[in-house]
Amino acid sequence: METQSFREIVLQYKAVFFDAFGVLKNHKGLIPGIKETFEFLDENDIDYYVLTNDASRSPEQLAQIYQARGVYEITADRILSSGMLAREFILSKIKSGTVAYLGTKNSAHYIESQELSTLSIKDLSLQNMDHVKALVFLDDEGFDWNLDINKVINLLRLRNMSVVVANTDVAYPVSKHEIAVAIGGIADMVEEIVGKKFIRFGKPDAQMFMFAYEKVLEKRPIRRDEILMVGDTLFTDIIGGNKFGLDTVLVLSGNTLPDQARLKIDSSGIIPTYICDSIQIS
Amino acid sequence: METQSFREIVLQYKAVFFDAFGVLKNHKGLIPGIKETFEFLDENDIDYYVLTNDASRSPEQLAQIYQARGVYEITADRILSSGMLAREFILSKIKSGTVAYLGTKNSAHYIESQELSTLSIKDLSLQNMDHVKALVFLDDEGFDWNLDINKVINLLRLRNMSVVVANTDVAYPVSKHEIAVAIGGIADMVEEIVGKKFIRFGKPDAQMFMFAYEKVLEKRPIRRDEILMVGDTLFTDIIGGNKFGLDTVLVLSGNTLPDQARLKIDSSGIIPTYICDSIQIS
Amino acid sequence: METQSFREIVLQYKAVFFDAFGVLKNHKGLIPGIKETFEFLDENDIDYYVLTNDASRSPEQLAQIYQARGVYEITADRILSSGMLAREFILSKIKSGTVAYLGTKNSAHYIESQELSTLSIKDLSLQNMDHVKALVFLDDEGFDWNLDINKVINLLRLRNMSVVVANTDVAYPVSKHEIAVAIGGIADMVEEIVGKKFIRFGKPDAQMFMFAYEKVLEKRPIRRDEILMVGDTLFTDIIGGNKFGLDTVLVLSGNTLPDQARLKIDSSGIIPTYICDSIQIS
Amino acid sequence: METQSFREIVLQYKAVFFDAFGVLKNHKGLIPGIKETFEFLDENDIDYYVLTNDASRSPEQLAQIYQARGVYEITADRILSSGMLAREFILSKIKSGTVAYLGTKNSAHYIESQELSTLSIKDLSLQNMDHVKALVFLDDEGFDWNLDINKVINLLRLRNMSVVVANTDVAYPVSKHEIAVAIGGIADMVEEIVGKKFIRFGKPDAQMFMFAYEKVLEKRPIRRDEILMVGDTLFTDIIGGNKFGLDTVLVLSGNTLPDQARLKIDSSGIIPTYICDSIQIS
């Protein structure tokens, strides 16, 4: 499959949105050469953001991963997660009471505020649930899958409330050959069983791209077609970027393997503007 | 909603298939009056079987529940479970090697045989899985949902094998107001994530009705329209019975409540031949 | 079901988004009293837009329906259709060549531009299709369903291209008791058969609400929670408005009937901020 | 991909079920060599049936295609179509009144009987529909797709009745490179819009295999694992045969191309017992 030079492509744009996993990092750590890429973007006055379907950690904690490996360019304010959209929704819609969540204590920071109290699903009793005003799926860790998924199902059958899923992915990679169920996969199962409609945040949904676009506009006026979306997954990064009116780069450093890229593009009908091996600029 | 007398209806048939939960028993135990119903069927020489989407216990153990409460008519040979179909499939398709399963040791009896060894998913190591020839979803208990569901997903990504789901239900009742995820719901989530096609056994699939019909035919020749299917659920018992060519009774003693029956029939388009309050004959 | 006064509610907001069918008009024509509502909004300096999943007619033609009945407040620039988003996408993504469409000549105005030529699917020959760069589903009229749907399927199997659906609805009302398949329903069938991923525009997708929000912001700064979304359908208007951070009114003058509203809200988990009989202010 | 000899495989079985399209015939006519195969089966006393998801023509008309080309072995009584199951269902469930259908006059023979009158959907008036007791999807020809699909949708919204789909396929081949929407695809669209549950007959559903198995048993006792199912499609022929307990052959003479077979098997998890180039025995 013939690929193009990321360096030459990116010079045509004023801002870049990066997916994280498969583009900037993988199971071994950071993908080689990304520090040079971000230096190159800074030198050429090209703005950048990381868009991630991850509500398990705060932007500060996510940024720390890059900083600890010397990529100081990726600061917390450049990381936009689906958890931040979930937070915005909860704060605007729920004015008082308790928000229950599936996830770790750490992930719960996304929904904490002065007005709301938060409650891990593992600490909820179905005998005392009238104060619960909303439920958020944040992370696949921090609760007992058997006990607490069943508890969630009964909570939603007994009381009507807004339900938010802060990560649309159904699985995520944990090592070279292994994956794990993501909280989005658990949410799909619960939604099927209770028959209600959940509100999901994360790529490929337009709201994620709009959130990033608004950040870009705070600094300077830029048209959508002056922004490049870079991702390794056709069904989230590329279709979402295309639909929002961005140009798109499919990189082959993540879950779309070089020998499958053409077949996947042809069979899905999701067509990136460009294909690059990776975001290395040399 | 006007209902009819089960006694008068059943006299027109030569055999009856009963769903178990919501028809013969509920969260409180046996539904009142069923002993009289089975005595009445025996007196009138009407044959009967219980068809259940349950692979957690053997027919012997399931029969024990009725026997312990004095309903001696329901013997193990009258109970036909989706687990028995799963067993038949495994024995005919897998000639040697190991069959891995999700479920309790108790449920594993469905797949035991002289030729095959069985292995609980919780005892499987992904480093040593070449001997596994098939996987069966039997019961929602007996394994760690978090660790072992993830293990199953990676097993199926790494090796291609037949996968059998021995219960098509996504949830089951555990008390008056509470339900729990059934193994069929877990199987749906795994199937979505791995993108493979599983083989499912249980109502409303025709194979379950065919299995029961063959039992009936072993004793005497009966046409399908001489058999009555009795159930509390439109989407499994009634549509399955209708499609197989049986006449069907919807009873209102289980998950279809009297004040919702008409709405559910009209909105689903699944039309039972008759509607009865319960199977009580007096 | 207890409902609230639209007049009192709307006074708390700075802008209102209205769904068209079931809110402003129905099969008999305009819903009584809407002229007074728009006069009231003008008097109180409340901005308003109509958001419609309709790509069969231009905003000018859609406005004409209201104007001809004396509601001069609803001008073309206040009507935002999913067709306008489809147009924006096509113009940004397709730089030259032909865009094929399903729909009337009238609906094709949405995709016309100086750079692109448009071609009705009924005039396309599969022997000469190399110039076709994209396909748009615009309207359910203007082509032969049998011949031309089959032609579309083979076009998409033979060539990979961007496919846009300019209306997410699967059906629309044509009289008091009758509905018709909308172009979104036809697109679903084609997508299932060809196995590709189409790009859809229309409520409940966030892009539709963002488009309207940008219009509002052109005039003055307004926060999202200062905008009210009014609709008759939980699954498009209400869930879309909620997710975008707007407050929402479910009106009972369209496809959610008064005696079903509570049941539909409870079973779907889609909860409007308010429920009103209609948008009448007196 | 290494394939095996059909001749050697088939000698191990007492009966064979053949899919028609892609196995016995294709867009050019009969697949070369099939006459020799059927002579070979007769010589070796191996029984055979053709199982087809086709309700557009009667078994007599379908047999005529083979007979006209010299394959006299395939007689009408050896052809089992999904239309025959639909007929059986209708005759057992509908005792009087009118059965409406989508299809040609020719396809309607499947539902004709002394007790029932049949009515093409194109001749139905919604003003006079009280006599209609059931609806059957038979063939994609014989009606106006636009007018009559809309008429069907309104019929099903206005009256509750049994709905039967006599062909589960969503598309079928019409030439080397072209396909057309099958009646099963139209039924899927209608089912989505009206929200009701239709009854479908055809592979991979077990009822189709059971129907054929009963034919085999009329002649002599045979176990299921003594029967071979031969097909070109993993998702209908192979998974259906596997589940019913038959051994299965995937042939590469139809819609599974030789260079894709391994990939399709690995990604679907549907594993045929054998793979052969075609059913040629020499």
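A, B, C and D are the chain letters, set down in written order, and residue numbers restart from 1 in every chain.
Here is the rule we go by: a residue touches a chain if its C-beta (ideal position, glycine included) is under 8 Å from a C-beta of that chain, and two chains touch if they have at least 3 such contacts.
Owing to the predicted nature of the structure, the values given are computational and were not obtained by experimental measurement.
Touching chain A and chain D at once are the following chains: B, C. In this assembly, the chain whose C-alpha centre lies farthest from chain D is A. A separation of 45 Å divides the Cα centre of chain B from that of chain C. Computed from the mean C-alpha positions, the centre of chain C lies at a distance of 40 Å from the centre of chain D. Averaged C-alpha coordinates give centres for chain B and chain D that are 28 Å from one another.
Contacts with at least two other chains are made by no residue of chain D. Taken as a contact graph, the chains are arranged in a single closed ring, with each chain touching exactly two others.
Under the touch rule stated earlier, the contacting chain pairs are A-B, A-C, B-D, C-D.
Only residues 88-89, 92-93, 156, 160-163, 194-199, 205-207, 210, 224-225, 235, 239, 242-245, 265-271 of chain C touch chain A when the two sit together in their complex. Residues 126, 140, 144-146, 149-150, 153-154, 157-158, 170-171, 177-181, 185-186, 188-189, 192-193 of chain C are the ones that touch chain D when the two sit in their complex.
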